[in-house]
Every structure is written in C-alpha cells, then in structure tokens.
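The same chain A turns up in both complexes below, where it pairs with chain B and then with chain C.
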Partner chain A sequence: MGTQTEKVVREYARRFPRGVLLMAALAFGFQAWTADTPQAATPETPQPGGELVFAVGAEPPSFDGHRETTFAMIHPVAPHYSLLLKFDADNYPKIVGDLAESWTVSRDGLTFTFKIRDGVKFHDGSLLTARDIKATYDKIVAPPAGVVSVRKASYAAVDRVEAPDARTVVFRLKWPEASMLANLASPWNFIYKADILAKDPRWYEKNILGTGPFKFVEYVSGSHWVGKRHEDYFVKGRPYLDGYRALFIRDTAARLAAVRGGRALVEFRGDSPAARDDLVRALGDKVVVQESTWICALTLVINAEKKPFDDPRVRRALTVAVDRWEASRVLSKIAFLKGVGGLLRPGSEYAMPEAELTKLAGFGKNIEASRTEARRLLREAGVPDGFKFTFKNRDVAMPYQPMGIYLIDQWRKVGLNVTQIVQETGPYTADLRAGNYETNQDFACDFMDEPDLQLFKYLSSDKSPANYGRYKDPTLDDLYLKQARATDPAERKKLVWAFERRVLDEMAYQWPTLWWQRIIPQWAKLKGWKITPSHYLNQDLRDVWLAKE
Partner chain B sequence: MGERVFELPEIGFSARLEAAMPRGVSALLWFLRKKPLGAAGALVIGGMLLMALAAGMVAPYDPLETDFGAMLGPPGRAHWLGTDAFGRDVLSRIMHGARTALLVGFASSFLGATLGALIGVASGYLGGRVDLYTQRGMDIVISFPIIVLALTVVAMLGSGTFNLILAITIPFIPRVSQVVRASALSIREMPYIEAARALGMGKARIILRHMFPNVMASYLVMLTAFLGQAILLEASLSFLGLGTAEPTPSWGLMLRGAAVEFAERAPWMAIFPGLTISAAVFAFNVLGDALRDILDPKLRMA
Partner chain C sequence: MRRFILTRFLVMIPTLLGVALLVFLLLRVVPGDIVQLKYAGEGAFVPKETLDLERARLGLDKPLWRQFVDWMWGMVRFDFGLSMWTGRPIRTEIALRLQLSLQLAIMATVIASLLAIPLGTLAAVKQDTWVDHLVRIFSIAGLATPSFWLGILMILSLLILFGWIPPMTFTPVWVDPWANLSQLIWPALAVGYRYSAMATRMTRSAVLEVLREDYVRTARAKGLWEPLVIARHALRNALLPVTAVIGLEFAFLIGGLVVTEQVFNLNGIGMLFVEAISRRDYTMTQALVLLVGVTFIAVNFVLDLLYAILDPRVRHR
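Let's turn to the complex of A and B:
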C-alpha cells in the first residue's frame, strides 16, 4: 500500500474512527487507485447462483452496440454478447481472446488471422462460425445504407474481412495500423448472427441474440432489464450467477439510495466522492470501494470562428489562467475529477510526462506567473479588462457543474467576466454542433488508451465530426496520420507529443481541464468484478459472483 | 352620503373608505394592532428588501469569491452560516441571492398582476364577444398548473433572468384577470360609469381612469399573494436548473447540485437558503392575507 493510500486511509480513520474493518475495506478499494491497476484477485472460491442487481443511470437508446456510445446501453446489454477479442480486466491493457482462441499478425502488419473457438453456441442453440464474425465486422466497417456504425472511422485501414473456413477469420488491411488489435477488442463490437444480419441489418437495434454468458429475459422501459444464465456458454462453469437485473434509476440520489438500501449492489459507471463517503459511513464493512483513473476528461471547447477567440493569444490566455493543479487538489474532494493531463490519460503509455506537460500553456505550476501572462496576452490581443463572454455548460451535476464554477472563478481572477448558460443535453449538443457558443464545456471518453481514439477529437473539423472547435489545421491532420501509421512506439510517442504541443500550446484550440477519477462503491458480497479505467469495459459479468451471507 | 355607501362597488376604494383609513404613523400602529401577523410579514419583507439593496455593503464576503481552504465549513465565527463546496460564504450568497429573488418576484408579479388586471377590466367592461374569447383564452392558459406552464416557457425560451420573469408572469395573467373581471362586471353597472359613458368618454379612458382604480384592492391582494409564489417559482425553476445559472447567487440554485450531494456532511448548505425561501414566501402570504382583510369592504364591515 503506497503513501497516498495510507494518507487517504488516515483521513478516513479521522472521519470514521469506528471501523478497523472499514479501514481494511477502504485499503482494499484504494489499492486500485494508487497502483493505477485493478485490485488483485481475492483468493476466495467463487460461489455459483444468485441474481446480481445493479443500477444504471439511463436507458439504452437502442440495443445495438455498433451504433451506440453510451454506458446506458453497454451495462445492461453487454452480458448477452461475446467479442472477438477483449481487454483483460485483471491486466489492463492486455488483450486476450474472447471468441478468438488464438491469432497471428503478418510481418508486414497487413494481415490479422484469427482462429475461432469451436462449439460456441448462440442463445437460440445455433453454432457460431467465422461467417458470423465476418458479417458482424462487415456491418461495423462498411454498414449498409441506413445502418449506423459510429466507430467505422476507426476501421478505415480494413480493406476486407474474410472467412476462409468455419473457424478462421482474416482481416486484410490497406496499411499497417498500430491500434488495429485494440480496435478489434472494442467492447462495442458485439458479435451478431450472420443469418439475421442478412435478413435485417437493423434487427439488433430492438432485439437481442448473442453468444454471451447471459440470455435475454425482458426489458421493461423505465424499470428494469433482466438476463438469465446461458447454460451452453462456451466457458465451462461460467457464468457463476443465475442471472442479473439492471434497474434504471435516473435520479442520482435515488440511485444512491438504492445501493445504500441494498436494492442494488452497485452502479458500474462511477460515483462522486460524497456518494462514496455516504455509503462507507452508512454501510461500514458491507461496502468496498474500487477506484481508478478514468479514460474520460472534461474539455474546454473554444469557438475559433468567433471574435476574439479566433486569436490564439486569447485562447492561450484562457488556458493559462486555469490552475489545473489546484483544481485537482480541491475538486477531487467534491467531484470525480482528479488527473492533470494532456490529450492522453495521465500515466498511460503515450501520455506526456509531468516534466514535459508543465512546459505547455496552462499546465505550469506557478499560477501567479501564469495569471500575469494571461493578462499580458489579453492586453496584447486588445481584449479589455472585464471582457464579457458566455460559457455554455451541460445541465449534468457531476462533474460538469463543479468544473464550470471553477473555470469561471479562474477567469474572473484575470479580469474576465463570464456568464454561464446551463442547458439540457439536447439543446446543449445542438448548440455545440451548430457552433452556437463562444466557449463550451465538453467531454471525451474512450474505452482504451489509444492515441488514434484520443487525438481524433482534435483533428480539423472537416476531418473529425467530434471536433466542435471549428478550426482547420493541416499540420494536426498530418501529425495524426503519421502517428497512426508509426509502428515504432518511440517514434509514435514523439509524434503524439508534437500533436499535443500544437493543440494545447501553440494554438490552444481546445484543451482538457481535468481527467476523471472512477469511484465505484459496491457491496462487499459482490465479487469477481474488477474496475478498469473505462466504464465501457469488463461488463459481461462472466466472472462475477455473490458471496453467501 | 351615509346611504350611498351601499351603492359603491363591492370591492373598491371609495372616498368613505379612504376617509375611514388611518394615515401616517397611526396607520402603521393601527395595522400592527389589527394585523400583527401581517405586520410581521411586512417587517420580514422590509428586512429582505434592505438586505437586497445593501448586500454589497453588509455582506461579509464577496458571494463569488471561492476559498478552497474553507470548503464545506460549518457555521462559525468566520462564516456565520457556513460555506459551500467551493468555500463560498453561505450568508453572503443568501444576501446577494435576495436581489435575484426579489427582482424576479417583484417584476413577474407586478407584470402578471398589471397585465392580468388590465385584461380583466377590459374584458369585463367590453363584454360580448371580446369578453367571451378573452376569457376562453384565459381558461386555456389557466388549465395548466403554474409550475408546468412556467417550465414549458423556460424550456422554450431558455434560461436567464428575463426569460425567467416572463415564464413566471405568463401563468399569473389569467388568474388575476379572472378575479379582476368579476369585480369589473359589477363596477360596469355603477352609475358613475354610466355617467362617464353619457359624457361621451372613450372606452380606454373609462377603463383606465374609472374602472382600473376601483379594482385596486383586488389588484393589490393578488399582487402580494403572487409575490410569494413568484419567489417560490424562481427558486423552483433555479433548483430544476432552468432559472439562474451559477455562479450568480440565487436561493433556489443554492439548494441544488452540491447541496444535495453534501446534504449529510454539510446540511447548512441547504438548510439556510431553504429557511430563507420559506420565510420570504410566508411573509408575503401573511402580508397578502392582511391586506385582503383590510382592503375588502365586506371583510371590513364584518
């Protein structure tokens, strides 16, 4: 247990002096935080049976993983499906086979060949073959007209998918791509049945049929989703659970009350520090906490088409004025925000180390000097003291509101007068897409640490639909392509950092404020679930079991 | 003259009633003696007005100033009502929040009551199709609960102080209009209105000069009653995220977000703004009741 963990545990001891057991539980939970990896597996013997009940804060817009981007779909639906590859929750970011038994990559990096497990059955009893995997990826890579595949851009390198026999799938690429294997482990890429896709490629938007550990039982809108054990699941002895029930509870307080009262054992997305503390205080050693850094960041988007924000000096002044290190210290007490980082998750393979990061605009540690610099930049750009502008924010309490208040306070300290406009998600998104804003708080969440994913948002707006900054920069687009095709990690890292310097420092187009900190308080009797840095990963519930009380 | 009092409008000022009213300091003492609860309400409202006007001078801290060293601090010597999740002084935010509450409250209830009274008097006086169509229109608007209508208006127009005032004003208009129309219908039949018509006065002049002043009692009672409701609505809409936006101090806004999140650890964040809203609404309601009792001749005579 590291020093940081000890400090946190001491703080808990001061607040809740009653529980030595509680300390142990917290230490157990915090280990993941400090080590930045999931907690070590417990030596307990899994017990089969029981129904896991968990809470979900929203409902799935559709059941099709290929078209959706929300945890509200993946949490209730993922247990019904298998993937070709998946991330190993115990050893993130290691990739392991799910339906793939083994695989090889050609020396030129252009051919990926997968051997598929034998005897895998769909929930209707039919056998899965390589044809099903080809049909699934054909839909993802080149969806038919009228079918949405939101991540198809990540598979632009795929030339074609072949199924030469029932147990072999071959991906042939147009160019080598460093992220291809990770993209094939995407938690969104549920494997569907080829015959169904042939008849109706949109069938999976409203129906479920997979090879995952749980069969679909029922979905009652506004209430719950139920799954039961798939007896013919391809991993012997799994799943441990008889079934699961996802309760849709939109209101945060009600969701927390459900966990507190034992009606649900966990909410898998993430809770605030206050929720964690309340649960720990109320439930003592009946609850354990897992924490991890999170591949999610809040970002500040600046409309580069609006004056005076078309001037890089003004954008730079905005970022320089924000003390991110203080934000991390204070906001981590009230919100699930913590990491100070650039465009890649702090501590991840391609992330800029702190020594480099602090050289960038807005990441320095001397805030007084930074504020002086911000005032100078504003003066030079002809922006008067007390300049008024608007800041649009989402009407979502956590973590948007605390950061919104913090940013306004920071800008106020350099003489800027900011009016916050809080909007419902619908109009907020519409304004963001239409460019109807001056500054706006956005977010970026991904399922894995991969520069291709994390940098995509910052490409020229005509290249990336996720870039709301309304700027075009061929230098960035060129750097992106170069890093995507670089197969040497050291070379790729240099290109990624150059990209970051261009976005954050030279042009200050848009920038992350803080990275999120994932906090999962769960009932201690829920076993076998490991936290990962993404709330999209490890949700098939295959290894989850319930300890008998 | 004594007999003519029975010919006066049922609800309205008359020279006789005005003459019967005490004036100046004696009026205050008379009000205090007759309506002590109403006087207490008036005192609270006066205090709030003073607080709103002098917030910049008397508030101990800048309501926007964050102090992360004092986050979630309990009430104490430095911060009498504690601090919020950003270390901002709760008392100072309540004081400055009075500005938002009273601005929105006074503006929307004044606009709602005035427009409603004008529509009601005009509708009652003109009668016929104008009255029929106007009142059916009012029936449609009144069929929506106040909060639902206000929510709809804010959702359509967006948040912001002006839109908030508009959203609260609109539901008030038909309610005032219907009450005032009832008075106007009886006033329309009074001899002095008949006389005004006989003298050839225009409709607008009769409505504004002769009818509107005679529905002033109903108008004032509705105005004070709606003031409390308007403050509550402003707080409700801000609480729902449709009113004022952070970091502007607002009572309703102080009850949402971190106040909910830290309800157990820092209950003062919700208790004090909540008490302030309750006190303001209660004060306006008891003052409204007292004014109704005083200005309604039926109740006075009883």
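Let's turn to the complex of A and C:
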C-alpha cells in the first residue's frame, strides 16, 4: 500500500475510530485504492460498460483547449481528444506518448522528432496524420490573426514544426529548453484536424472533433455534456465506459448533495475537508478518498510601488510575521490548504527541501523569534506600531477567506492593523491588474511541476503579465533565463533555488502562503481513475470503469 | 376599450427604452470586464495583446454610443445577438431555460392558488376562530421562511431519509412526465408555499372587506345559501386584488428564483441571470433584463385588461 494511502486510511481511523466506517475505510478503501496502483497485489479486472456521471463546478466558455484556461473546459472536453504526449497518471511526472509512439531528442537539444501511431482515426472516421499535429501546433505556437492562443509564450523556443511524412513530426527549436517535452504533454494541447483548421481556425471553439476515447453527443448549456465511446479508438479495448455525462452544478452544496445522493459519482477538481468528512460519514464504504498535494498555491502580492511597501524591510516583516507551519496545521482542517513551500510545489523535483526552506524569511519554525524580527524590521523602516493598511481578498470562500483571516490575525500580532476588502472576481481582478491595492491575495495553478511555469509569475512586471507585484528585478530575469536553458538538472536546481532566495528572502517581493491539498471523495464503484497533483491532468477517462454492484 | 388598450400599449415603449438605457449604462459602470474574467479566472497568464484581441472581437473597443445603437438596432429586428461568454445565440440560450422557468412558475402559481384561495376564504369566513388562527400561523410561517431555505431542508430530508435527491437535469414534461415531475415538484412546493402565504393573507383581508359590503348583506337578507353568498358574491369580488398579487408574483418567478434554482441546480432564467452578471456578459444581461422587463410590463398590461373586464368602472374611468 502506498504511503499516501496509508496516510488517508490512518487519518480516517483517527477521526472515526469506531463502527462501520473504520472497517469500511480499511477494507473497501484500501481495496479500491490499490486496484488503481501498480503496487496492487490483486488487481481487479476492469468491467466494460456503463455511463460515468460526474459533476463540474463551472461551464466551458468555449470548447477550444488552446484558448481556454479553466478546468471547466478540460473536464467535459478532454475525453474527446488525444495529445501528442501526456503525463502518466500512475507515475507522475513521467511523460508517455499518447499519439506519439516514440520520440528522439537531438544531442544539441534543438530537434525533437516524434513517430506518430499508425491507424489513429478521428471521430468522423478519417485518419490522423503528422499533418494534423503540425497544423495543431502551428495554431498554438503562431496563431493566425484573430485567433487566441493563451499559452503560445511557452513555445517561444519553437522555431518551426515540420511534418516530413505522414507519421513523423519534427519540432525545431531556436534554443534548447528544459521544459519543452513537458510543454508538449500539456493537457490543453488537443490535437485537431488540419483540414478543418485550414478552413476555419476558430471552428473548434464551438465544435468537437478529435481522436480521443469518447465521441461528442450533446451539450446542453447550463445543464450537462454527454460523450459516448469511440469504437475506433486507437488503444484496443479502451475506453471501458460506454459513455460519460458531466453535470454542470455551480453551487458547492448542490454538488456535494449530488455526489451524496448518487446523482454524480465524483467531482474531479477537489473538495474541502468538511465535504470529504461529510461524504465519508454519510456513505461509509460506498465512498473512497484520494488526496494529493496540488500544483496550486495562494500567494500574497505586495504592491512594491506603494509606500511603505517599496521598502524590502517592510515586505520582509510581512512574510516573517506569518507562521506558515501553524497555518498548515489549523487551516488544513477547514480548507483545502496544507503544504508549506516555496515557489515550487513541496516535494516536487525542483522544490527546496525543508532544511533549506526554513532558512528563508517567513519559513522558520520559531515564530516568537520571527515576530521579534518582524517588529524590528518595521521599526527600522520607520513603520509605526498600529500601522494601517488594506488587504484585498476574493469573495470566494474556499480557500481565500480562511487564509485571509489567518493573515490578518498574524499581522495583528506584530502590531499591524489590517482592513480586509473582499471583492467579487471582476473588480478583484481589475484592481489586481491595475495596481489598485496595497496587499492582495492572489493564487497560481499549473498543470505540471515545472520551474518555467511556476517562476514566471515572479519575473519583472514588464516581463511577466502575471506579476502583479509591480517590481522590476534584472537579477531575477537573468536567473530565470539561465535555469530555463540549463539542461543539467543539478545545475538547474541551483539556479531555481537562487531565484527563490531572491524572491522570498532577499527582496521578499511576494510569496506563497500555503499550497493547496487536492481532496477527491468518489464513489468506490468508480475505478481506474488516479489522482494527480493537477486537476487539469488525467481527464481523458480512458482507463476509468465502473464496478457492477 | 380599444383606446384603453392602445394607451396602455404605447406606455410600454418608453418604459422599455428607459430600462434598456439604464441597464446598458449600469453594466459599464461596474468594474471588471468579461475578457479579464474569462482569462484570469484560474490565474492564467494571458498577455495584454490577447486580451485586446478578444475585446476587439467582442466589439468592446467601440465607443459606448455605438455599442448601444448596435444593440438597439438588433432589438428592433428581434436579434438578441450572441452571448459574449459562450458565443452562442442569446435567443437559443434563453429559450433553453425559459421552458423550465415557465413550467416552474406555472406549477408554483397553481400550488399557491390552490392553497391560498380556499385557505384565505376559510380564514375570513371563520374569522377569529381556531381555524383562522391556524391559517394565519401557516401563512405567517410561509412568509417568514425563504423558499431556498425550505428547498435546502427538503433536499436534506430526502437525502437523509431516503438517500435520494431530485434529478439534476431537466426533462421536458412530454418526454418523461415522471422525471419532469420528480425534478420540479420540490422547488414548486418550496416556492409555492411562500407564494401562497402572501396570497392567503391577501385573500383573507379582501374577503373580510367584501363580507362587510352592502350587497353581501343583501344576499344574506334574501336568504341565499351561505356557500353561494361566499362563492358568488364575496369571493368573486375579493379576487380582484388577489389576482394582481398572483400575477405580479408570477412575473417575478420567471427570472427571480436565483437561489432556489441554485439549491436545486435548476437550469433556469434566474441562474442564467446571475451567471451573466457575474461574468459581465453584457449582451446576455441586457437581453435578460429586457426580457424580465417585458414580462413585468406584459403581466401588468394583462392585469389592467383583467381589471377592466372584471370591474367596468375601470374601463369607463
């Protein structure tokens, strides 16, 4: 049994020590979990058939993965499409081929050559060729006029994409880029049909045609999305399901009720600890829980253009005053917040180990010493006791508000007087972008652990549209470029950590407060789905099946 | 009568124009725009050029007067345009949800009327007896209980007692009446109860007032059978203000059941309204406000006509 599973079972054993639940968690939960992992001693035989019904908390603005940024698009739409490469959910962050059968990378790191699977069919019966992959990536990397490609910056290193024959695709780069392979496994990069793109590059915004495990059946706006099994799917015997149905349920309580009442078997984004406990208590052995750290973090953004926050000592005092370890202990009980970490997800390949992390401002474990230090810094910077400032927060209860309250209380303990302004998403975003704030709670979510993605937010504001801290720091920009082009992992790690020290410790520009914890309670009869650290990954439902009751 | 109808009809035009102008301007005053919300919802890093491109595509780069004129010109041709969020025709999006909202409003109105008219009449006839007290407690409880809260109680009770909740997707009544009923009966009861409470109190006071009229006394003095006095002379005349309350509430139900729709996950006009506003989907919000405006004005128009039919004094005034 994996350590993560042990932890989950132990936690439930602690919370609900008697009765049916413990037996259920140990017996059924263990069985269900291990069935999906390579360590399983007696793997269950997948049973074909059935329709998976799951809940989605929002609706897709369009169906085009290349232009959208929300899970609300990925969850219902991903089962219709294939990718060139994908992350292996069972062995994350390992990358495996999806449409690519194999690939090679040239010694100079400038040429990626992919061999494409033979006989892959689109849902209309036509054959997929390398031309379709080239057309798809041309649209992502260099979209035609009027077409939005939100992640094209991630492919700035791509010089051109070639399709020398029907089964070969070649990516030629301008410079070697460490994250290129991972970027080609992006869950957003659905492979489209070249002929359709040639006629109308925006056709995919409102239509579906892919080579994925499920064909499109129906979308009823505000209600549901339906897919059915693609009989000619290129992996023999998959998918197991006859189809799936995504129910759009915006209200959290209604979503929870839907799962509890069996109208939906799961919600794939993530639930709160309270929702998890409620479902476990109500459904007992009918439900199992998967948990993982999440590549999402809440961050505290400080406006470096406003006094006294232009003084690094003041910013440093703000971070030093916050006891993140206590925050993790307290808030993980009521919100999906848990991990204490730097700019990279705790435990991921390039993340700082705890021993290094605790040396940084705000990550120490002696909070009394930290508070004394914070007071000293404020005094030195000429900030009077009881200094008032505003903290803008989003009107989304989970997880923004618990963390907001925690921060205010922590700052109060070093003599700061904070007024929280809770805003609806519209004005909140507008103020964040316009710099109309002193401090603000922001967040960041990514589809993979990759320094290029996670550090991008912290570059100088003229280099990164995602940096709302309004500072410019050529040292950081230089470190970023160096780590992005470093092909030796050890060398890259050093550069990433130097970047982190600069952002979090020396300049204390802005910083993560806590990393999120992904919690998925699901009906035990739903099998073959494995949680990953990102809610954007592993949503093609290819390996999912339903156990007969 | 023809002049009466024409006057009422002509008054509708400036009212609607005023509503249109007001909603158009108010939406532009609220901070945050649809493009930012679309691309910043999950903290994605979208460059400014992309945002500008999208704004231009949606016509948000045009001057305000031009945007208003374009919208009005579309309205004149009954062209609601496209939703800025989904890009789909607004007419389709509304039609999809109107069916559910209309059915729910009708069901709630029927439930409310079936409860309110007999109970209100009974309470008036049995004034100050235990029957009256019971009806008054029932109606005050209805007024004091928000329908969404009652809805939550219903869902929780169904979940705890039967491990069952109503279906989450709408099935038209002609496709599967049972599935349709098992989804909509619960919100209809929750909304209908509150709605009936108002109407019950209105019926009671109207009947009480009428019961003191000379013509009722005359009917009784003639020795008319009491139920006939109540039904033919008292209730018929008392129904005028009750009809007005029921009618206006019906108009409200078309777009006003926001929280109840959320609780039962109903794909109705109320939810569409909230989503459109929170997404800053200008075109959709404008269309919905106009729709609700038209509904209210139309219901008022019909009520005016009904008044005129029921009470000859109104049309001769």
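Note that the second predicted complex is superposed on the first by the 509 of 549 C-alpha atoms of A that agree within 3 Å, B and C clash if a C-alpha of one lies under 4 Å from a C-alpha of the other, contacts with A are read in each partner's own complex, and residues count from 1 in each chain.
Definition applied: a residue touches a chain if its C-beta (ideal position, glycine included) is under 8 Å from a C-beta of that chain, and two chains touch if they have at least 3 such contacts.
If you're wondering where the values come from, they're calculated on a predicted model, not measured in any experiment.
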Problem set entry | Clash or fit, chain B versus chain C on superposed chain A | fit
For this session: Please indicate which partner A:T419 is in contact with in the superposed arrangement: first for chain B, second for chain C, both, or neither.
Result: first
For this session: Could you tell me if A:D442 is touching chain B, chain C, both of them or neither one (first, second, both, neither)?
Result: second
Exercise. Does chain A have more residues touched by chain B or by chain C?
Worked result: C
For this session: Considering only touches as defined above, state whether A:Y137 meets chain B (first), chain C (second), both or neither.
Result: neither
Exercise. If you stack the two complexes on chain A, which partner ends up touching A:A253: first (chain B), second (chain C), both, or neither?
Worked result: both
For this session: With the two complexes superposed on chain A, say which partner A:E326 touches: chain B (first), chain C (second), both, or neither.
Result: first
Exercise. Just chain B (first), just chain C (second), both, or neither: which does A:D431 touch?
Worked result: second
Exercise. Looking at the overlay, what does A:Q401 touch: chain B (first), chain C (second), both, or neither?
Worked result: first
Exercise. After lining up the shared chain so the two structures overlap, which partner does A:W225 touch, if you call chain B first and chain C second: first, second, both or neither?
Worked result: neither
Problem set entry | Closest approach of chain C to chain B (Cα atoms, Å) | 5
For this session: Mind sorting out which residues of chain A both chain B and chain C touch, each in its own complex?
Result: 253, 424, 427
Problem set entry | chain A-touching residues of chain B, taken from the complex the two chains share | 64, 66, 68, 71-72, 85-86, 155, 158-160, 241, 245-247, 256-258, 260-262, 264-265
Problem set entry | Of all residues in chain A, those that touch chain B in their complex | 252-253, 272, 274-275, 277-278, 281, 326, 329-330, 333-334, 393, 395, 397-398, 401-402, 404-406, 408-409, 412, 419-424, 427
Problem set entry | Sites on chain A touched by chain C in the complex | 59, 61-62, 69-71, 146, 148-150, 153, 205-206, 220-224, 247, 249-251, 253-254, 257-258, 260-264, 282, 424-431, 433, 442-445, 456-457, 464-466
Exercise. Touching chain A in the complex: which residues of chain C?
Worked result: 30-33, 36-48, 50, 53-54, 57, 85-88, 93, 96-97, 152, 155, 158-159, 163-165, 167-170, 262-265, 267, 271-272, 275, 278, 280
